[in-house]
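Both complexes shown next keep chain A, but they swap its partner, so chain B is in the first and chain C is in the second.
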Partner chain A sequence: MDFADGALSAFRAVFASGLVLSSLYVMIAAGLALVWSTLGIFNFAHGAIMVIGAYVAWTVSIDLGLGQVAGLVAALAASALIGVAVNRLLVQPFLAQPNIILITVMTTLSGAFFLENSALLIWGPRIKQLEKIVDGNVFLAGTAISGHEAVIIVVAPLMMLALWAFLRFSWTGKAIRAVAQNREFAELSGIRPERMYAIAFAISAALAGFAGVMLGAIRFITPTLGADPLIKAMIVVILGGLGSIPGTILGAYLVGFGEAVSTYFLGAYWTQAMMFFVFILILVIRPNGLMGRE
Partner chain B sequence: MTRTLVFPALFFGALALLPLMTDDSYVRHIAIIALLYAVVVSGWNITLGFGGVFNFAHLALFAIAAYATGILTKTYDWPSWTGIPVGIGASVIAALVVCLPVLRLRGIYVILVTFGFGQLCFQFVLNQRELTGGNFGFVRIPPLKLFDYSFRSDGGIGYYYVALLLLLITVVLIHRFVHSPFGWRVMALRENEPYAVARGIALARVRLSTFAFSAIFPGAAGAVYAQYVRSASPDMFGFSFLTIALSMLLLGGVGTIWGPIVGALVFSVFSELMTPLGPGRYLVTAVVIVAILRFFPKGLSGIPEAWQTWRKRAHAGRDVAPQP
Partner chain C sequence: MPEPILNVDDLVTGYGRQPVLHGLSLSVLEGEALGLIGPNGHGKTTLFRTVSGLNRAWSGQIRFMGEDITGLSAAQIAERGLVHVPQGNRLFPQMSVEDCLDLGAFSPAKRDNGAATRDRVFAIFPRLAERRKQRCRTLSGGERQMVAIGCGLMGQPKLLILDEPTLGLSPRLKGELRDAIGAIIETGVQVLIVEQDPEFLRRLTTRQVYIEEGRVREDFDAGSLEHDKMMEMYFGLR
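Showing the complex of A and B:
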């Protein structure tokens, strides 16, 4: 009886925290996957863009006191803008080079370094936190989680649905996929690849900015807040098979729940080591991801 | 032959005389760190530059060597002279372990798996707090000592010469590597892997040897670093350390013997000159990396070549000009 109760409450706690983690990872990883599938590059500045989003939201909503909606809008605009700048300055000039993958790893790493230290210069080393979107608690499967976390859980799948619908049905979404599949042919059909790259980057960065605003209310904002989520998103994207949106969603929920289960049973420290071990294992056994094809 | 030795002789001669010119402890500290960086980055150049393998675990090898040296000489009371062999051993073993998954992968996957390895080590260091000191780093590592002479005395001059000697050995080894059949195989795999394999080069064996060879340098430098600053910190696995080493390599020029060395020394000096800028200097660093990649992909080592083409063009211009 006691054992059953214990197991049930453990399950509930794991379920709730796993759901929150998964939802955060899905938002961050989707942007990474979008850029990978469109341009074939890995954006190491993705986590830093997320942090800038959180800081901008803090400045607008708390420092200037303009409210949360203004903060969110400003964060989305700022991160999308940075995404476009990253694409223009760090990716586009190198696209013609043969070892583009390595070069863009280096340029986007420098970009991340630049953004992190800019954040340190602008906002200083003191930690900050955003206000939660909704107050109060919600009961999920018998466990209390904050209303803010409930919003994250609900919004993340909706955003993925919107992203999927956008890529599937809208002209721009189709054009982005066309450029990803065959740049020359897309160009012949009157699509401007540079513009599609810029749009893909802007959407990806805005997703990161949104995730930053969500994360900024449950964790403390520091210039290096983005490093850990970026690495988790990398694991998600690899697990899901580089670039596929459904794969990324599956990957995010696997990683999120896996992390929650492992944290419960093995503790936070072993979980992190464990995740990288699994990550390397997957890379070696199935480099194309769980759902990837040769 | 004699002509090719002039530059190295002048270079090492000048560095050997540096302590006679100044005994300022700040200058000496910067010089020691810069020399160790030069050794580490030269080692990275073997896999990344000559081998063309996107190995992002190299700085983790440096950190592993520092931790291994620290733990064995402090916790397990090994004599301090074992530091360098221990560092090299740990680094080479770790490099072979990383290389195993790399054998099966290419492109972005190599970057991700080597990067993931560094993160795995980082998490392990945080995790094993009793062994490694966790977040706070592993501190109070015993300094290097030989026959009752502590290398801390005389303003750390001993460390300076140890680091300089390491760099000299590095240059000699890499020079021999570049002109050896082994080196040719490594570069052949970089230039055209299918063709090289078709000509009978054993990919797995050559790649494993490349990783093991390149790991010697961060191994030795990591050990000396740990014994010199007397601590090893988890930050050594981080992004910013990686970025700094990468910019040294790019600044000097990838795939040349002297490029990474000159890059490391020049970068260290500039980085110190920029200290008053605070975090601003990292912004400059980031911009410099991108600018080099964009406009001078060969780095500083491309300057002589650029100078020669410029001179040729100037010559040609003069020859052509008088004609109507």
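Showing the complex of A and C:
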């Protein structure tokens, strides 16, 4: 009886926190995967862009007092803009190089440091927090979670659906995929690759900014808030088989729930090590990720 | 004499520091179908890639319908109606035949006519209509070539340039494609074709040009006695 009760409450706690974590990882990883599948690079500034999104939302909604909607819109616009700048300054100049992946690891990593330090200069070392989108609590599987977390849980899959439909059905989405699959043939079809790269980067960064606004209300905003989620999101993208949306979703829920289970039973201290261990183990068994093709 | 639809003048280009075309000049006149022939590795594909904007010209000029297009991007040139169907194209491997064709009419000015153009492509290549939902990656070489030409037509070309459209295909498929290209020419699309088979070119085109070592070596009128000379140059026969 005691054991059953304990197991049940453990399950409840893990389920709720796992779902919240997974949903955040889906949002962050989807942008990373979009850029990877379009340009074949990892954007290490993705986490820092997320943080800037959170800070901008804080400035507009709390500091200037213009409200949450304005804060969100400003955050999306600012992060998209930074995404376009990262692409233009740190990625495009090196696209023709044969070792593009390695070069852009270094350039986007420096971009991340630049953004983090700029955030420190602009917003200072004092931690900040955003207001939750909705007040009150929601009961999920017998555990109380905040309404804000419930919004995250609901919005994440909807965003994935929207992203999938955009890439699948819209002219621009199809053109982004076309450039990814065969750049030269896309050009001969009248598609301008530079424009598609910029759009892909803008969408990716806006997704990061959105995740930043969501995260900024349940964690404290610091310049390095993006570092840990970025690593998790990279694990998600690699696990998911680099770039496919279904793979990314599967990877995100796996990592999110894995982290929740491990944190509950092993504690936060061991969870990092545990995650990397499982990550490497999976890649040994399936080197192309869970849903990756040859 | 009317202004040529395409005029390549003293074109020099190459890869790295190595020139491939050494001052090549060539015109496609209004109404004619021009064939290019010549040994492998002598710059025919490089010429096409430079004309369509995939490669940069080092010097010389390319004019299309009276406009200087040297240095324009590939997308800009395609928009103007000079459409390049590249050699050995793998298309968009993960996309369906239908999506691939639709993207051929990407530029906003061409989208409106997309559906009608696609029907015409399906009329020329009925097999593509049957396979419209199939992914390009899983197509046979012949079908892939049909999609490639179909995509070119979707771009609503004034001049379609085809780089070895029957490379590696069986004689039967080759005949099928030749008839399809003939039908395309009859609809009023002008073509510039590279092929390795003089007979193929002689049946489709009104004039042939022999390219060797990055230059035009000789100009032939189809059906003229000089045809024998072309066969001789190409095959080294006498």
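The rule we apply is simple: the second predicted complex is superposed on the first by the 291 of 294 C-alpha atoms of A that agree within 3 Å, B and C clash if a C-alpha of one lies under 4 Å from a C-alpha of the other, contacts with A are read in each partner's own complex, and residues count from 1 in each chain.
Criterion: a residue touches a chain if its C-beta (ideal position, glycine included) is under 8 Å from a C-beta of that chain, and two chains touch if they have at least 3 such contacts.
Keep in mind it's a predicted model, so treat the numbers as computed, not measured.
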Task = Assess the superposed three-chain arrangement around chain A: do chain B and chain C clash, or do they fit?
result = fit
Ask   = Between chain B (first) and chain C (second), which does A:Pro246 come into contact with in this model arrangement: first, second, both, or neither?
value = neither
Key: chain B, chain C and vertex chain A (Cα centres) - angle in steps of 10°   = 90
Task = Go through the superposed model and pick first if A:Gly6 touches only chain B, second if only chain C, both, or neither.
result = neither
Query = Which partner does A:Leu283 reach: the first (chain B), the second (chain C), both, or neither?
reply = first
Query = Is A:Ser110 in contact with chain B, with chain C, with both, or with neither (first, second, both, neither)?
reply = first
Task = Applying the touch criterion given at the start, work out whether A:Gly136 contacts chain B, chain C, both or neither, answering first, second, both or neither.
result = neither
Which partner reaches more residues of chain A (counting touched residues only), chain B or chain C = B
Task = Based on the superposed arrangement, let me know which partner A:Ser189 touches: chain B (first), chain C (second), both, or neither?
result = second
Request  = Classify the contacts of A:Leu121 with the two partner chains as first (chain B alone), second (chain C alone), both, or neither.
outcome  = first
Message = What does the superposition give for the shortest Cα distance from chain B to chain C, in Å?
response = 17
Key: Touching residues on chain C, where the partner in the complex is chain A   = 52-54, 73-75, 78-79, 83-86, 89-95, 99, 102-107, 110-111, 151, 154-155
Query = Taking the complex as given, what residues does chain B use to touch chain A?
reply = 54, 56, 101, 104-105, 107-109, 111-113, 116-117, 119-120, 123-124, 126-127, 239-240, 242-243, 246-247, 250, 278-280, 282-283, 285-287, 289-290, 293-294
Residues of chain A that touch chain C when the two form their complex = 171, 174-175, 177-178, 181-182, 184-192
List of chain A residues in touch with chain B within their complex = 42, 89-90, 93-94, 101-103, 105-107, 109-114, 116-118, 120-121, 227, 231, 234, 238, 242, 269-270, 272-273, 276-277, 279-280, 283-284, 287
